[in-house]
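So, here come the structures, one by one.
Next come two complexes built around subunit A: one with subunit B, the other with subunit C.
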Partner chain A sequence: MTLPTAVFPLAVTAFGAIAVLLLDAFGKRDSKTPLAVLSLMILAASAVLAGRLWGRSAFGFGGLMRLDDAAILVSMIVLLAAAFTVLLGWQWNRRLDAAFGEFYGLLLLAAAGLMIMAQTADLLVVFLGLEVFSVSAYGLTGLKRNDDKASEAAVKYFLIGSFAGAFMVFGLAILFGLNESFGITQTAACLGTGLPAQLGFGFLLAGLGFKLALVPFHMWAPDVYEGAPTPIAGFFSIAPKAAGFLVLSRLVAAVPKDVWKGLPIFPFLYAVAAATLIIGNLAALRQKNLKRLLAYSSISHAGTMLIAVLAGDGASLLFYLAVYLFMGLGAFAALTAMSAPGREYVHLDDFAGAGFRYPWIGAIFTVLLLSLAGFPPTGGFLAKFLVFSAGVRAGLVPLVVLGVVTSLIAVAYYLRVIVAMYMRDPAPGVDIEAENPPALLVLFLGLVGVLQLGLFPANILHFIRQAAASIF
Partner chain B sequence: MAAVLFWVFSCVSIGAVLAMILSRHPAHAALWLVLAFASLGGLFGLLAAPFVAVVQIIIYAGAIMVLFLFVLMTIDAKAGIPGEKRTFALAAAIVLALLLLAEIGLAARSLLLAPAAAVSDSIKTAAIGRLLFEKYLYPFEITSLLIMAALVGAVALVKKKDGA
Partner chain C sequence: MIPAGWFFAVAAILFGLGVTAFFVRRDLPTQFLAVEIMLNAANLAFLALAKPASAAAAQTIVLFIITVAAAEAAVGLAVILVVFRRRKSVRSEDLRILKG
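Then we have the complex of A and B:
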């Protein structure tokens, strides 16, 4: 029996996680560098294997595993996010006393879970992949064990995550009872059949909404981002969004176009998008802790991505995710760089004057913040532009207007950080250990990515359109 | 033989449930519930549903009970329900019991009216095994990954500092 090639990218990541855990258990104890190097090699190998399948739509396990172009693209985003996180954690873990080998093993397992989610059109597999990610994420959140905030975050995440998982299973059970299938196509086809199908779908969306941190299911996100190790918070801000939004847009794409806007699900998602945009941005205005600020910022970006889902436009969604990978994780790289042994500086006041004291971090962080706010010529501007124009084409004008207005509000809190960095006197007592090449590399790659996608998007948009065509 | 076993299992399960309700200590109640689940499993076995019987014992008597006892560990078991909440608890219990009774009544009526169906293929152990290792092999394998992630995560959270 020959193994289907579709299995390889996932298998490499999953078995790689086991290899990293074994190396941690039986290898040398004093240095975690070999683990980081091995993790990077595994992630690269998995990405190469996935890339080789581009344009060929491979299947495995009787169709339960589906490696179409969209799945490959999202897997690439997840793998790249994991690689960035490994680089960020390299120095940070040692400084902040979270230097455990499990960091790398759990991170690879989390990435494997998200790849499982992306590489299927079967809701049971989606759920299991989501749980593999979530369970690893609970462990990752609590890695700083001597920190009360971390323990609080891990417990909160675990309880709310389990709750969300239960919601999803309940919804899946109702839907399976209705059409005896977990397939996304069959499930979407039964949506118009009546109240039970709507109810089941609603529960499913609520479960997904928890994991994507959409309002009103977002309460856990700021606490978890604050308590989790900073590199991991960066991973949470992009990777689960990429996989979750792909699943969501597969579901939406499978619903026949003529019934889609008549379903009660449509106004429900519409309201969720509006609430996410408003609450995410307004709450971010009040934050003094940059980790919490970026958490609310990522919530509001999820609201914008939801506009693309509602418009049924896969290309602008995937482009937004690709840009957010660089600007979101890049911003967390800046926070990671602002650390010294035993402490990290993530308060707004800590960044006062940082632009002149640490010119590289300050300058790149400024560009990334401008991109998050949506200024041209960065990728953040083009991503927002594509999503909003897709929204207008789909007739979602009120939502797009709301998106534009809240983007303007968002400028206020992003600029406040930049103002603090360049127009205030340096904060006393801030003394970072600037020697952190891996984190600076991620910052630099974030800058390159944001500018590349903003100035020369044509090549990447070509691939993204191809991927979007394969969503369904 | 089957008739004797049926009466034994039935009496044991009814007795165990009564003892569960009447015992004062929550941990004792939980243990009586294990006995009730086990004898229910025996009844399923007598009904030629070996898979349901085994699942009843593994999932309910095993996994769910561990969860119960785990919760009991974290609360003050001796305190019981405080006085002001007792009437509320009683009312809620009565409502839930009536709902359950209505549900069982409805299910029994539809079962008694319908002609007795032969044991369907889908609950035979061999058929379930075949489904699990052919059609649902991939989800089954992911579950193993899930359990490993849970184990590693739990170890990471409780590990002593510096891997000692």
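Then we have the complex of A and C:
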């Protein structure tokens, strides 16, 4: 009997999550540091096990789990995002009165759910993975249970998320009735067959769209980001996007190229991408709370990623996700570092003069914001460039023009933060506790990642092209 | 025997009622119940739409979905309870600290 190696990375994360939860419940120790260390070790073990399968396309559970290169790459992004989040929460949780062991257990469980989504070509398994993620995510959002904002965010996330989940199940029921299978290939093949298939697919996309925070399904995102613990908001900004967009691009890749543009789904997604770019960027302009600003910024980045999906270009999508991992989570690392016992500083005014008072945080945050805005030579520029050129090659010129114009609008709100940090007098009353090595490490890794991907992308692009070739 | 199409009609009506109730009602537990009705409508649709050859698969799937719904209910009711403890209210229009 051969060992089901394809299941190992997922099994390590999932059983690790349960072990961490049990240790927290029955352990006698008050310190949460051992749990954080254990979580990092579990995530690393899972990443090593996944990495060893690179280039081999392993299968498990009778083909339901499918660990191809794209799945491995996205799993790596999810695992790295979870590891960064553990590091960010290390000190932040204690300062902000949220030092619960559940932070680590639920985070690992959420990561496991997203890995399930990435590692399958079966829509029912996608749904189950999505729900594993969602149920953990509701808990993570409301972790600070003595905080009005956190509980409000959790209940909003829960209601809207389960509403979207029900739509997804109904869509799956229709699609299952049509072709007696949940395989992505078979489902995509029946898309051209008429209205019921389109309707089922539309419901399915609505469910996915909620999780990816695409306009018009984005209303929950700013509230959840604001109410959730800051490290968790950082995790939400990248990890579900990585898994969800991989599922979406698997679906698109399975539709024959000549049929794809004739389907009513295509203009629908086209309009969603346009609306996401416009509304994400315009709404970000009015935000004074940096968590909300980054929430709208992540919505607008999801719009850009959707251009890559519509263009059917897996390589530029995966590269964008890799860059966004570093710049998105890096930006949240800067917010996490701006905290003191009992309070955090996330308002734009709190950042006034921060560039001089906290030179390292200020300088790295500036680079990350420039990358989010898409300035060369950062990774953000190259990622946008690759997506836009893929869009032009696929004939999506109006959408690409819109993407470029909205990127210019986006420069305004990113620069406003930089201007506040360097050109305004220091805000009174802001006194952060700078002693936070794990968060500074994430900030530094974010900087390294953004510059590495921007200046020397050749090695990583080689891997990413290989992964994109395996999407289907 | 009642044709399967009628069962699907019931499922579609239930789903529509669930969606309507979700938007019309203004208290959290009832909105949550509306979502549960939508999920059960989807379960019924699974059974109604399954062809004879895949009926066993459809019934298995329904068990999975019931499990998922139970997990969601556990977390969701806990979250609603936390909100109620802090504010002594479960009206959804009272949820307006977060906006911008």
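In this text, the second predicted complex is superposed on the first by the 468 of 472 C-alpha atoms of A that agree within 3 Å, B and C clash if a C-alpha of one lies under 4 Å from a C-alpha of the other, contacts with A are read in each partner's own complex, and residues count from 1 in each chain.
Note that contacts are C-beta pairs under 8 Å (C-beta built on N, C-alpha and C of every residue); 3 or more make two chains touch, one makes a residue touch a chain.
Every value quoted in this text rests on a predicted model; they were computed, and no experiment measured them.
Colleague: Using the superposition on chain A described above, determine whether A:Leu143 touches subunit B (first), subunit C (second), both, or neither.
Modeller: After superposition on chain A, A:Leu143 lies in contact with subunit B alone.
Colleague: Based on the superposed arrangement, let me know which partner A:Phe61 touches: subunit B (first), subunit C (second), both, or neither?
Modeller: It touches subunit B, and subunit C stays clear.
Colleague: May I ask you to decide whether A:Ile299 touches subunit B, subunit C, both, or neither, giving the answer as first, second, both or neither?
Modeller: neither
Colleague: Based on the superposed arrangement, let me know which partner A:Glu131 touches: subunit B (first), subunit C (second), both, or neither?
Modeller: Touch partners of A:Glu131: subunit B and subunit C.
Colleague: Between subunit B and subunit C, which one contacts more residues of subunit A in the superposed model?
Modeller: Residues of subunit A touched, subunit B against subunit C: more for C.
Colleague: Is A:Leu53 in contact with subunit B, with subunit C, with both, or with neither (first, second, both, neither)?
Modeller: In the superposition, A:Leu53 touches no partner, neither subunit B nor subunit C.
Colleague: Scan A:Phe170 for contacts with subunit B and subunit C and give back first, second, both or neither.
Modeller: The answer is second: A:Phe170 touches subunit C but not subunit B.
Colleague: Of the partners subunit B and subunit C, which touch A:Leu109 in the superposed model: first, second, both, neither?
Modeller: In the superposition, A:Leu109 contacts subunit B only.
Colleague: If you stack the two complexes on chain A, which partner ends up touching A:Lys156: first (subunit B), second (subunit C), both, or neither?
Modeller: second
Colleague: First (subunit B), second (subunit C), both or neither: which does A:Leu329 touch?
Modeller: Touch status of A:Leu329: no partner.
Colleague: Residues of subunit A that sit at the subunit B interface in one complex and at the subunit C interface in the other, please.
Modeller: 124, 128, 131, 135, 138-139, 142, 145-146, 154
Colleague: Which bits of subunit C are touching subunit A when the two form their complex?
Modeller: Subunit C residues touching subunit A: 8, 11, 15, 18, 22, 28, 31-32, 35, 38-39, 41-43, 45-46, 48-51, 53-54, 57-58, 61, 64-65, 68, 71-72, 75-76, 79-80, 82-83, 86-87, 92, 95, 97-100.
Colleague: Considering the complex alone, what residue numbers of subunit A touch subunit B?
Modeller: 14, 18, 21, 29, 60-62, 64-65, 100-102, 105-106, 109-110, 112-113, 116, 124-125, 128-129, 131-132, 135-136, 138-140, 142-143, 145-146, 154
Colleague: Please output the residues of subunit B touching subunit A within their complex, sorted ascending.
Modeller: 134-139, 142-143, 145-146, 148-150, 152-157, 159, 161, 163
Colleague: Under the touch definition given earlier, write down the residues of subunit A that touch subunit C in their complex.
Modeller: 124, 127-128, 131, 134-135, 138-139, 142, 145-146, 148-149, 151-156, 158-159, 162-163, 165-167, 169-170, 172-174, 176-178, 180, 222-223, 226-227, 286-289, 292
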